[in-house]
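Same chain, two partners: subunit A is paired with subunit B first, then with subunit C.
Coming up: the complex of A and B.
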């Protein structure tokens, strides 16, 4: 069967099959991203600061468009602290003002203090543009795979390698 | 007899079909048919351009971030979906199991497509030929895979080529030695490693129709006095 790869067109077709799987997955992610207007429409809960609502490893689905109403107190939002790439999932507890310039204060349900200390130096509040989405749905525990992959990065290479091998050697 | 040195699993339909599919271009190209790669080239072009769009989107997003590339990403995703849709239609509707498309030196065209049904080890070939003068003819050949795969899973070229040469006139004209006249028998002649494939066919025919070996058209190995002896052996 490997000799079939000697035909260059066939090899190109096999590589294309593998490439299309990767690119379709990526494009579906990007499509979801654009529809939800969020750079990361699906996030994994990394800490226990929102217990008992969300546990570490839960998968959250975000929506970043205010079609029906503005982001209000009580909503669970995800934001990135300025300069850091870690998404934080907390609840909006205070709102001062209206519209896009409104100042929002967040706090984790399971935390004693609000997020003032988590914000960047000199930042006392969040604005609407800092938020990358509000939680609209979740699946418990499924995201633990992502946590494993990020804590053991070699797992990613192994998984991709196995996938690639399987697709290229199989012609179904 | 050309027996391939590679073995495949005779229980795997995909292997059986793919190996047979691969043998067709090899055989027809050796008969000096010129293969037309338009179908597969179009498919590759569609697929790779979709992949390139994806790669470009990945690159922009990586370099410039989400917010600034949002609009380009939307367009790219739509374009990708469109190309993928066209590609899927191409594979399903236009290619339709096509295995080989080619023309011979006289300008006659042959199109071969293959199909197998699930769990049925029969190779269905549909061969369309366009002869000089524009006459279009479609022949359907159905043969079980065990006609050209031995028990161990080796591919045996001769019966496969005979099937093509006998079934399709254009191929038979290009390779007359492989054309076998008369009913094909599935029964194998047990004895006769000394007998060539053609001699076996000839002797089977002779027994069944009671004709002398001289009258059987495609038996180059026929010898005049051999009839009685061969009859006893079988």
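Coming up: the complex of A and C.
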């Protein structure tokens, strides 16, 4: 790192390179978001409410465009409860009506009762716009790292520390 | 170029590439396996009763209690990549204004796990041991995926958002399934056939009508 400080041009090139990598990753994420029409096209399963289908740490790919048919009963959807920021992954069990005003009711496979208790006060059904995507593909276990990082924040500092150490040692 | 850090990086990069390719191949293998599901569902008894959505609610709504019989053969859906099959029977009926089936509610569902996923099921430890022992050594038992139900009471009593379901016409029961793979795309009952994947043979019941509200004998006397 000391040699980098002596050569400002090289340091600037390194910083630019790093920035390019970050922005490419960000652009790919946002691009996928636009293609899938979902604010969060890849989600990690956080709870066990859909066991044995999904375990904590599984990665789900969402698709929010209804190209062939509307979101129908039996599809697994991800939605945010009005006013809260927690995405919930459950299955649609009832649908009344068609189009955007259709009323949808969801329930987790591993739950006995449906999601009426989870919805906002006075809200008995979900509408299509509450749903941020339906699950189309699935990869097991891959997302467990993000759960570990969010539940044990000290892991983040440890990982950053190791990465920093590796960068410093590489120069020498 | 030969430091250990670089070697570890190369190995890790290779590992992720190989894992990705293998996962893609496994997911693609799902498309080659043919599917020939068949199902037979019939309504046995249906009643409409008055009830509350839950104990503390003051709303009184009408609920349809349906008993049905189901015989299905979904064993062709099980491949090495299947994790579980979610089977559900739904009742659907049209709105009074159109003939399209615009209302649909699930009345019964079940999860059939592949033996490779049996350990993930939500059953007690004794039943779990029995299940795993019975599936040991077999690839997939051909009887897994066959459902025979006679006079099954629905798991869920259904209602409409208006609270009234009595005397609804043109109701049908339909059988659907959702295949959950270990890796890859989730699939549902197909609307069009493609390749070796056939539509569910049968799977739709005869049209029936929800009866009028059941009146209790005591009320009649009064």
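Odds and ends about this structure:
Throughout what follows, the second predicted complex is superposed on the first by the 150 of 172 C-alpha atoms of A that agree within 3 Å, B and C clash if a C-alpha of one lies under 4 Å from a C-alpha of the other, contacts with A are read in each partner's own complex, and residues count from 1 in each chain.
Here is the rule we go by: a contact is a pair of C-beta atoms (placed from the backbone, for glycine too) under 8 Å apart; a residue touches a chain by one contact, two chains touch by 3 or more.
Every value quoted in this text rests on a predicted model; they were computed, and no experiment measured them.
Looking at the shared chain after the overlay, A:116 reaches subunit C, while subunit B stays out of its contact range. With both complexes superposed, C is the one of subunit B and subunit C in contact with more subunit A residues. Once the two complexes are laid over each other on the shared chain, residue contacts for A:9 go to subunit B alone; subunit C is not touched. In the superposition on chain A, contact of A:27 is made with subunit B only, not with subunit C.
In the superposition on chain A, A:124 makes contact with subunit C only, not with subunit B. Once the two complexes are laid over each other on the shared chain, residue contacts for A:72 go to subunit C alone; subunit B is not touched. Residue overlap on subunit A between the subunit B contacts of one complex and the subunit C contacts of the other covers 170. Within the complex formed with subunit B, the residues of subunit A that make contact are 1, 3-4, 9, 12-13, 16, 19-20, 23-24, 26-27, 30-31, 33-34, 37, 39, 170-172. Contact residues of subunit A toward subunit C in the complex are 51-53, 55, 68-69, 72-76, 91, 93-98, 103, 105, 109-110, 114, 116, 124-125, 135-140, 166, 169-170.
Residues 3, 5, 23, 27, 53-54, 83-84, 86, 88, 90, 95, 100, 102-106, 109, 111, 113, 117, 120-122, 156, 158, 160-161, 176, 178, 180-186, 188-189, 191 of subunit C touch subunit A in their complex.
The touching residues of subunit B, when paired with subunit A in their complex, are 6, 8, 14-15, 18, 22, 37, 40-41, 43-44, 47-48, 50-51, 54-55, 57-58, 61, 65-67, 70, 73-74, 76-77, 80-81, 84.
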